[in-house]
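Residue numbering begins at 1 within each chain, and the chains themselves are lettered A, B, C and D in the order written.
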């Protein structure tokens, strides 16, 4: 039993969370948010099959997501019309097939080299598909996209999927299946060899693998999951437009994956949850969310290139060695200046957005329960002082943290040699 | 021709107008340990890169066990039974030591591009990888990312990757470069051990190593082989002494 | 490394705190679902302020139904259909039953479908969708819905008005069509060709070009083509940079043509085009900011100036959407007429409603829920001369009406087969 | 027809030289530092906005002098305090850093100058047609742009071939390790090149902002096309960038005039197919509509079949 829990505990927990979450967050908005998170998790993990596991930086992954969505939407409409006998629950597979077909073709064309060449080809293909999406309205539906109705007769579970909650559970099931499959893929010969090709394509050729074939296969499989995510998108929104194949969707999944961290399997899951939350919730709170988003991204690139998962996993050995208590006070120490610095920056940003986008810049603005005039020199001065002072103490505190860290890692190393 | 493992016939290579390899003929017999020596810039690494398919030939041809391999891509040559190491350490730095070795076993043991097997369930492969790790003395560090190993250990790992696939012909490019004396000794032992029964072609600067290891030696000077013979004869060959050894022994 | 994590967590924590919505009992909430961040935020923000201003004016007069006040609740959809649907859910969560939107036919199409499905699946709590700017004809034709009302003239109506004007101008002989290469641009091109053929068969269409949407940097090659074709008039559905660049490149090359556009008189176009448009750039709208001078309408002038004072950022983004006033006041009138804020009752009250605006009577046609209103073709003119008193976006450029098209003349037949719920 | 060809040639020259001003900096940065700078077009946008802001305050001519160095300074600071810290994480991180930077700059421009275009008019001194051929006018401003960009081209050429720093940069283009070995201060050279490239982009912005529209989306519309230029021209080749700029501008300009579609082509060989659905859309697309997307097609093909580009010495 214990062994079973150890091995599958995390999966059980994931299932449990998926079941329970919509019971806690019951509003229509929350359930929509959760549904979108599920889709984003599949999409981001599939992107990480390229970037994290295959070393391929793509600027056009949304092509497969979008094409999967469009094909699924056409299929949905055929199902509704009774001309296509596929139960709606299996629609993501249709999207996946679209992804595979497109991925096979474009993957083969673009994977002769990795790195910059690949990145630029993916950018070019992305631009081409996005441009033709508007020029080929009979498939892509032009600006308005294609709409469908997910309430169809043909189901295997008996649900009608009229209610969002039913769709949520459908997405959750598919999400769990896809996550498990993608995890298992990392454990297969192809998954491992993809790592090898990422690390050192020349060497990989001398253990018998053609780098291009490995990349193409990995790419195609990633495109399958992206397409499946697109299929779920079609069911969830009952509309799909050309923007799903566009550069913005591609950029967004890149940011999710990177912020979550490419080095660990679960990283993109964190990224997908966080970024989806920011995109959908933060936008309702502040006009400046895009700026916060950009700052977060650049901050991650500069100071935490391994992403959220990297930050977490760095602490794993410390946690196991029961040394966290040595780090926590230092973290507490650095949190305060960070908080001050962040508050200062936030005040400054919010003031500026108030001046440029509010109903009337003369109106007082509300921030953190305080009401003040955006033009007030006090607010400007305070925010600047907070930023400067925060930065000053941040640097001081940082050296303390570094000191603690080196102590802890010394102890850890000592433990290893002993 | 069944006794010849590797045959180079009138191999030429030029980059633009500069001729690097100028009509090399070489036959390495099965089971032979063959060394190539020569001064810097003689074209030794280029020759390796030609044999292993890294560069296309300008003229001539190369046969591996009777198969024409000139201008095949590297992975095809590898699948025909030729494996090589690199002058600059060339491993998979982010993967664990164990994973490095295991990856080298996947193709030769028939798992190809499979995405329907789980590596951890491939008992035969895992046992083989363990065995290789024991032989290259890295079993205790199997979970460390390969990029974090000490230099000599990385070289050992590279040899492990190179021989893992059980290739009949092994090319080693300066396997002991940059090692201390004691490390070199151990490396030579390792090479001797793991290449037993195989055909070995090695480029090496350290003459001690060469004379210790090789059955026959070829001397490459300015893209041409000036002599091929047993080590003792090479030592005495006046042409060789003038072209190469003369400087070293002086 | 830690700091970034903390920072992001803090962002979330704080901003969630900030978002506690305030509920008031006696308000009629209207969800404004349009872009409020990103590239299109300027346009969405302007629309929001328009609604806010009109709501304020109505509230100052005592609101509706004896004191119920209007409240505009903004939702940022980033011009994306799927985001709009999620924001719609958020609006429903807040108990909002009236939504309004305008930017992007893709968004409007998605919202119409979503509202239809919602009302079908939740007949006891229906939604009402008031569309103020998405002008794809389909929304009041084959795709028409009982729950959707459009307060802007659709593409074909505007084109009909333009071609009617062209019909009355015998010196227009050669017309060049240049449009963006997507559904809207093709619709403009097709309709323009059909209408011109019918109304002025003698006019020669000397060019029918499509430009990739938002990708062209220099329009001078197109201008050279127009020049070479000998056209005297250009009809274009282009908007944004695709329109400004065209007009500017035309000015650079000394192209002497009249442009007829849809979006020339506001939302950044005057700023981007500037003097290049004077005397040549004509736009079709239901309102413009010098109309009050031309028609000597003091009330409208005050209305305009009131907005300018409070919301226009010192005249930088002046009042533009005349129809938002129509939408809000008609909504108020419909609520009074229905004596209810129930969307179904309001919808039935709005159907066929006739309403007196400062510039004539408008009617919400019952058969397709399309507002029929008078339209104006106006041209760029230097401010300070004659009736051109006010300038747009501080550019020194105002507008002069060259043609008023009566409401009845803008009406087009509809293919709508309206499906109505039971009126209880 | 002659009129059309002459003016199309002139116009493609103007656009091509503007593209060159942008791509020369980018190709230098890319080939020396290996950084594919996604924020390069953002520097161009900053140049336009700085130029606009300064010219509303003290006039266009001072703006022309002041704005580019300001952008260059900003670029140098970005290199020094941003990019250099990211360098140790590898090229992907550097690239993503510039992506994020582009994002922040766009949002910042939105915040400071608003979401709509700004009025950035042609300076009075240049607001007249310089010559009229047949019926078409050629504006003095376009001539001025041409003049500036040719001057920059010559200056760049001179700096790179005749000055010491130029020779170091040239050496670094082909053999980046060599320069390091020779003991030159490579980080300083990098900062100089990054700042210089940004300043060039800024200058392109100051004059291009008038010619095109100064709006927050201007970086995003021009950005990808600059990549196309350096890819097609070949990494590290200024001559390549020059040729590719002119070539791409000419393609875009002339494709506009070719109103043939696939169906016309088929009709030419006697096939008149009645098709529906997606084929009908494909049939209908005229070559003239594809002008601005042709470059991407071109880029993808070049990368697949000739990754060195037209004149490059190394693969990307």
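The criterion applied here is as follows: a contact is a pair of C-beta atoms (placed from the backbone, for glycine too) under 8 Å apart; a residue touches a chain by one contact, two chains touch by 3 or more.
Every value quoted in this text rests on a predicted model; they were computed, and no experiment measured them.
Looking at chain A and chain C, the chains in contact with each of them are D.
Each step here moves to a touching chain, and the least such steps from chain B to chain D number 2. The chain with its Cα centre farthest from the Cα centre of chain A is B. The geometric centre of chain A is 43 Å away from that of chain B, both derived from CA atoms.
Chain C and chain D, compared by their mean Cα positions, are separated by 35 Å. With centres set at the average Cα position, the gap from chain B to chain C is 73 Å. With centres defined as mean CA coordinates, chain D is found 31 Å away from chain A. Residue positions of chain A touching 2 or more other chains, listed in rising order: 131, 135, 137, 288, 290. Counting only residues that touch two or more partner chains, chain D has 110, 114, 289, 293. For chain B, the set of residues that touch two or more other chains is empty.
Applying the touch criterion to all chain pairs gives A-B, A-C, A-D, C-D.
The touching residues of chain A, counted against chain B in their complex, run 184-185, 187-193, 195-196, 198-200, 202-211, 213-214, 217, 221. Taken in their complex, chain A has these residues touching chain D: 51, 57, 109-110, 112-113, 115-117, 119-121, 123-125, 127-128, 131-132, 135-139, 251, 254, 258, 288, 290-291, 293-295, 297-298, 301-302, 305, 352-353, 356.
Interface of chain D with chain C (complex): residues 1, 3-4, 7-8, 11-12, 14-15, 106, 110, 114-119, 121, 129, 132, 135-139, 141-142, 211-218, 220-222, 225, 249, 252-254, 256-257, 259, 286, 288-293. Residues 1-8, 10-12, 14-19, 36-38, 41, 45, 48-49, 52, 75-76, 78, 80-83, 85-87, 89-90, 92-93, 104-106, 109-110, 113-114, 117, 121, 136, 138, 181-184, 186, 212-213, 215, 310-311, 313 of chain C touch chain A in their complex.
Chain C contributes residues 39-43, 45, 181, 209-212, 214-218, 220-222, 224-225, 227-228, 241, 244-245, 248, 252-255, 267-268, 271-272, 274-275, 316-317, 393, 395 to its touches with chain D in the complex.
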